[in-house]
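In the two complexes that follow, chain A is the common piece, with chain B as its partner first and chain C second.
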Partner chain A sequence: MSRSGRIAIVLGMLAVVVFLVVFTAMSFVGSEPPTVNLTAGHVPGRPVHLVLQTDGAVGVGPHPTWVGYQAKDPATGAWVQTGLWQVPAHTKLDVTIYQFDSGSALRNQNWGRVTGVSATLNTAPFGLIDSNKVPVGHTFSIPALGISVPLKGVNTSLKNFCTAGPCNPATQAHNTITFSITTPGPGSYHWQCFIPCGLGFLYGNGGPMQTEGFMGGFLEVMA
Partner chain B sequence: MTVEIAPPTSGVGEVRPPTRGPASRRPAWFGQHVGTALVGMVAGYALGHWIGNVIASGYAHVQGSGENDVAIVLGMVLGVLGWLAGIGALNYPLAKLVGRDSVPRETTGWTRYFRYNLTHKVVGMQYLIMVLVFLFTGGLLAMAIRTELLSPTSHIYGPGTYISIVSEHGTVMMMMASSMVLGPLGNYLVPLMIGSRRMAFPRVEAFSFWCFTAGYFVILSALPLGGFPTGWTGYAPLQTEATAGMDSYLVGFLVVGTGMVLAGFNIVVTIIHYRAPGMTWGRMPIFVWSILVTGVLLATATPTLAVACLFGILDRTAQTAFYVNEHGGSSYLWENLFWFFGHPEVYIMALPGFGIVGEMLPVFTRKPLFAYKVGAAGMVGVGLLSYFVWQHHLFQSGINPDMRPLYMLTTELISIPTGFIFLVGLGTLYKAKMRFEVPMLFCLALYFNFLIGGITGVFLSDVPVDVTVHGGFFVLSHFHYTIMGGLVFAFFGAVYYWTPKITGKTLNQRLGKIHFWMMFVFFNLTFFPLFLVGLFDQPRRVFEYAKNLQTLNDVASVSAFLLGSSFLVFVANFVWSLWIDPKRAPANPWGSNGLEWQTASPPAWYNFERIPVVLADPYHYSEPTEVPVADLAPTNFADAAAAANGGGA
Partner chain C sequence: MSEQTGPGGTPATQERPFRLMIPLWVVLSAAGDLIFWFVAGPHVPPGGMSNVARGAQFDFNVLFVVALPVVLAVWVYMGYAIVMWRASRPGAPEPVGGPAARGNFKVQVAWIATTTVVVLGMFVFGTVELIVPAGAGGGEGPNPIWTPASKNILPIQVIAQQWKFTYRYPTFGGMETDRLVVPDHTTIAFHVTSLDVIHSFWAYQIGVKADANPGIDNVAFATTRQLGTFTVRCSELCGIWHGAMYTYGKVVSKSQFEKWAISTERQLAPNTKDLPPFAYTYTPSANGATGGYYTPHVDPYSKVEHYGATPQHPKVTQPAAATVTTATG
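Right, the complex of A and B next:
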């Protein structure tokens, strides 16, 4: 084989390798959950509204049986299964969480305490849930901001209990939790659920508890 | 000592002349090769996954988690078996099971590198290419890590993806480094260096390589399965509650570990039983000593890892509780089993590098190897002591505090035989007139890098320092200085040194020097700043860090990209010099006395026309009277062998 033929073969193989590497890298970057953007069209001084739901089974994506959060995209009104929410800095953020999942007694009663905000449960103010009397499903916590809010579980025996997300607040059983915060300066602030709710995993801390977009994610505060 | 003394034409034992072209009427593509192995792997995976679903899809934890680890593990195991069956590794044992004999069909030509081949030189070359594939895969993952760490706050991936990349990088590199020298150079060179025509167990040798290759696919499967969050150490209980990517880690290490045990066992038996007459322990090349100790460590330490992985697999599939504290097991058991393998593993990676430089320094200084016996004893000492230090990895992980001083002491003790080996090199360099050829540059770089890695290792063996810097970038830099700065530099030196022997062609020396200087400068610019980053408390495996550490991290990242590009120079040199524009190498370009250089380059399939009778060690350089290393054509074999051994028949 001539030298130019060998060079052509090497370049061809190099192109294949580069393609595979780029394809793999793009797949990895693309595998990150989407971001729900609340900064588009935001008028400074006006609050933004983050609407979330927690489902016992998200019902979509590669792990439809996993527990997880979904966020309402203000641009389309659709529910998006993600944990990445982009919000403006130094702005009042009104958060509404529709809790569709069930709950149980807590291993650590401290998770039943509202911390860092004033919250309402089905429009009534609350500061503590005694999980020995009322089941708790999840918490919404941002440790860096000192915020933690328990989410009261839904009775699974209700006829309109939602078994797979995205669930419909208009027709299916849920609890509504609301609270407000003022967003800090720009940065990524990790949020997570502290209650080990990864069913089927040892200690409940595997699967959705370890994976971005289910029981954890980032509040991305933009300048 | 068992020696084949007959000339090669008699076809004694397993050494047969390879046949060119098909021996049967079947077309070549219909035989067993990598293509059929891939088909076997896919079919095996599908079958195993289906069986796993039949068995376990109704299990409560499977329904709860939505993940069927039984199906995934069975898929991987049958996939590996399919791979081995497809390549032909199971032909012989299966034929024996039904009372038939299986005649290996050895072929010549480039296609033999894609088949199950029993020739040690072919297996060595197969290992070389596969080690480079592992290395470049791990290297690309390293580039991904450093890209993410360019900024403390702006992220390309989330923390889950980041830790998956870090874990994959560490595991791929550790798998690669375990076989980096013993696989390609040990299999290729040891028979030539000890005057043998073959390895002791050619089928075991080939089997170990194809296990290694299968392990590559298994560990790579972790990425599409979502990765694993444990780093390369796989600690429980994180391991037990991780998602499906963890199965790839456990099965992958089990498969690669099986190959490592077999490779180590085979090379030890070969060195003990297949040395030529006159190749006494005191005349054995220092590289062979290093491979002997490495082989012993592989054969005796790796089974612990394999068993530990098996326990982990059972915990995740059969719901046993080896590592589950609440059910009577102990997550601490994994840590102990893992590091009982893991610390000898460090020397599995370090010793061959010293064997390589010990072999090359006398050639490029034209001096005998200083204190050869001390060097060999140092290697044996390191091998022995490596079994008594593993608990220093657990200083911060629940060890009884009263036991810390003991393991601190044993860890400090191991620096003594390591120091012997280091001083053997420095003694050889003392007052030497060096030839700064490319392989020699890599040798010198090893001593520079390992000095930094070794001294920081002594610091880390002390409990107070270890407790302070544990889990940070200081430790990370330390082991990169020892493993990459030691083993990987020695490996590339060896590739430049022995390529003329293996291929009969020479690598371009100018490109080699560019490769070396880029690699040396940017290796140090990558990892030295990370010592400082570690002292400033940046933890490993975390994708965010303090803003005041960005400059040091950026220096490390940019240097890492340039370090990565130095490997592209090597690849370009390798491909250009060996395939596109090959230049014939002189028979013995470096003027070595080594026995491997006394035969043709590349060696004939039988290595030596007659089994040589070794007369001296290969380090008699610059002596007043020339000392021949071997009698390559002994006329009276028995008399020559007796004379070589210094006694009567």
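Right, the complex of A and C next:
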């Protein structure tokens, strides 16, 4: 083979390698969980409604057995497995959480307290759950806003206990937790579950607890 | 050659470079140190919100004042050499070897003696500054060697977990809260521990920084000196939301603190009774998903089949609905 031919082959292979590296890097950098958008069509002064569910196993995506939150897309009515929720600023945000997962005693009973909001559990107001008597599955907490709400666990022995999400509130066992907040100014507000619920990981803190979109994410408050 | 020549083409015996360099260095050092000490010094972090913060600020300022003349000595000498001994300067000589390039005994002795005094002085100074303020705000482990002279020490337990700090006040019924409020002009013993991985409690403006390790009671002392707000951050990379693990604490007057503590103790009483007795450390279970820190840890449902762990405590058969209580706060 001629010298120019060998050079062309080397350059061609180099171009392929560079393309693959760049493509892989850009795919990784550009990848992000979907966002549930509550700002589209929002009428100023009117509240918005964020509907969530917690599943012992999300049932979708690359980790279907992981515990996680799912959010209802108001545009389609479909459940979306994501931790990114866009909401309008300075607006009343009504939150409904369907807790389908089971629970246990808390590692830190302090997370059994409702802080920062007035919440209801199955329509009854509540401020505290003694997890030594009633299992708590998760919390919904936004530390920067001082908000934390414990989510009472569901009895796994119930016949209609949901084993894989997205679960159906109409037919499957759940607890309904509601509360309202007024969204702050624009910004990203980190939310998370404070109960180490990563089943199968050391101290429950791995996997879904360490991956955005399962037990943590951001409330994206838009201007 | 019978006559040695020095840099600059002048005979070595006639050149006196230090006659210019030393006065210049003295003036610059004195001016720089005075300006720094009186203008910048009072604003050097972490400020003066506690005795250890003030100590840290004082230490930074002293180190700067000591280091600046050393830096300037190098810079002045280098500047002189660049200007006066540059090769392009008219009349600049070729570099010379022989006796002129050999060591200067007096200079060597002076250099070694000076640097030794500076380094050993800093060692003694640093040691004193660590011991006198009882650990200088750093964690001393469960058995502190250096303790404050004050007999009225307020203990506050700092509990770190992914990704938040909570605080227990053992002298106020063992209440646990996510607000860190401390009284002014009070010596505080921070008992820092963790419920999961390694964290680090860093109360920036009050100069306290102590590792939070699971199963370890790491004690750090500080005496508050100023009212205000301080930042609390985790300074140990501890997981995905490590960057969100920050909050703010407050130094308030003693009367305000008493009022806050008593009302908070009362407000949190329903929760406090469900907490375990105050302990300096809490031992995690093998599987955090089952609970396991605070005894009694029971799951009235089916922990075994769900988590695959063996319950270590008797199950509670109390009806679930009756145990949900409503609290005012």
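The working rule: the second predicted complex is superposed on the first by the 199 of 223 C-alpha atoms of A that agree within 3 Å, B and C clash if a C-alpha of one lies under 4 Å from a C-alpha of the other, contacts with A are read in each partner's own complex, and residues count from 1 in each chain.
One rule holds in what follows: a contact is a pair of C-beta atoms (placed from the backbone, for glycine too) under 8 Å apart; a residue touches a chain by one contact, two chains touch by 3 or more.
Since the model is a prediction, treat every value here as computed from it, not as a measurement.
Once the two complexes are overlaid on the shared chain, A:Arg3 sits against chain B while remaining clear of chain C. In the superposition on chain A, contact of A:Met26 is made with neither chain B nor chain C. Contacts of A:Leu11 after superposition: neither chain B nor chain C is touched. Within the superposed three-chain model, A:Glu212 lies in touch with chain B and with chain C [touch as defined at top]. Of the two partner chains placed around the shared chain by superposition, chain B and chain C are both touched by A:Gly198.
Contact with neither chain B nor chain C is seen for A:Ala78 once the two complexes are overlaid on the shared chain.
Of the two partners, chain B and chain C, it is C that touches more residues of chain A.
When both complexes are overlaid on chain A, the residue A:His63 reaches chain B alone and has no touch with chain C. Applying the stated touch rule to the two superposed structures, the overlap between the chain B and chain C interfaces on chain A comprises residues 190, 198-203, 205, 210-212.
By the touch criterion given at the top, residues 60-67, 140, 144, 153, 155-161, 165, 223, 226, 229, 237, 240-243, 324, 544, 575, 579-581 of chain B touch chain A in their complex.
Chain contact summary for the complex, chain A toward chain B: residues 3, 6-7, 10, 21, 24-25, 28-29, 31-33, 63-66, 84, 187-188, 190, 198-203, 205-207, 210-212, 218. By the touch criterion given at the top, residues 56, 102-110, 112-115, 121, 124-135, 143-144, 146, 152-153, 155-157, 190, 192, 194, 196-205, 209-212, 216 of chain A touch chain C in their complex. Interface of chain C with chain A (complex): residues 159, 161-164, 166, 176-178, 195-197, 239-241, 244, 247, 268, 270-271, 274-276, 284-285, 287-294, 296-303, 305-307, 316, 318, 320, 323-329.
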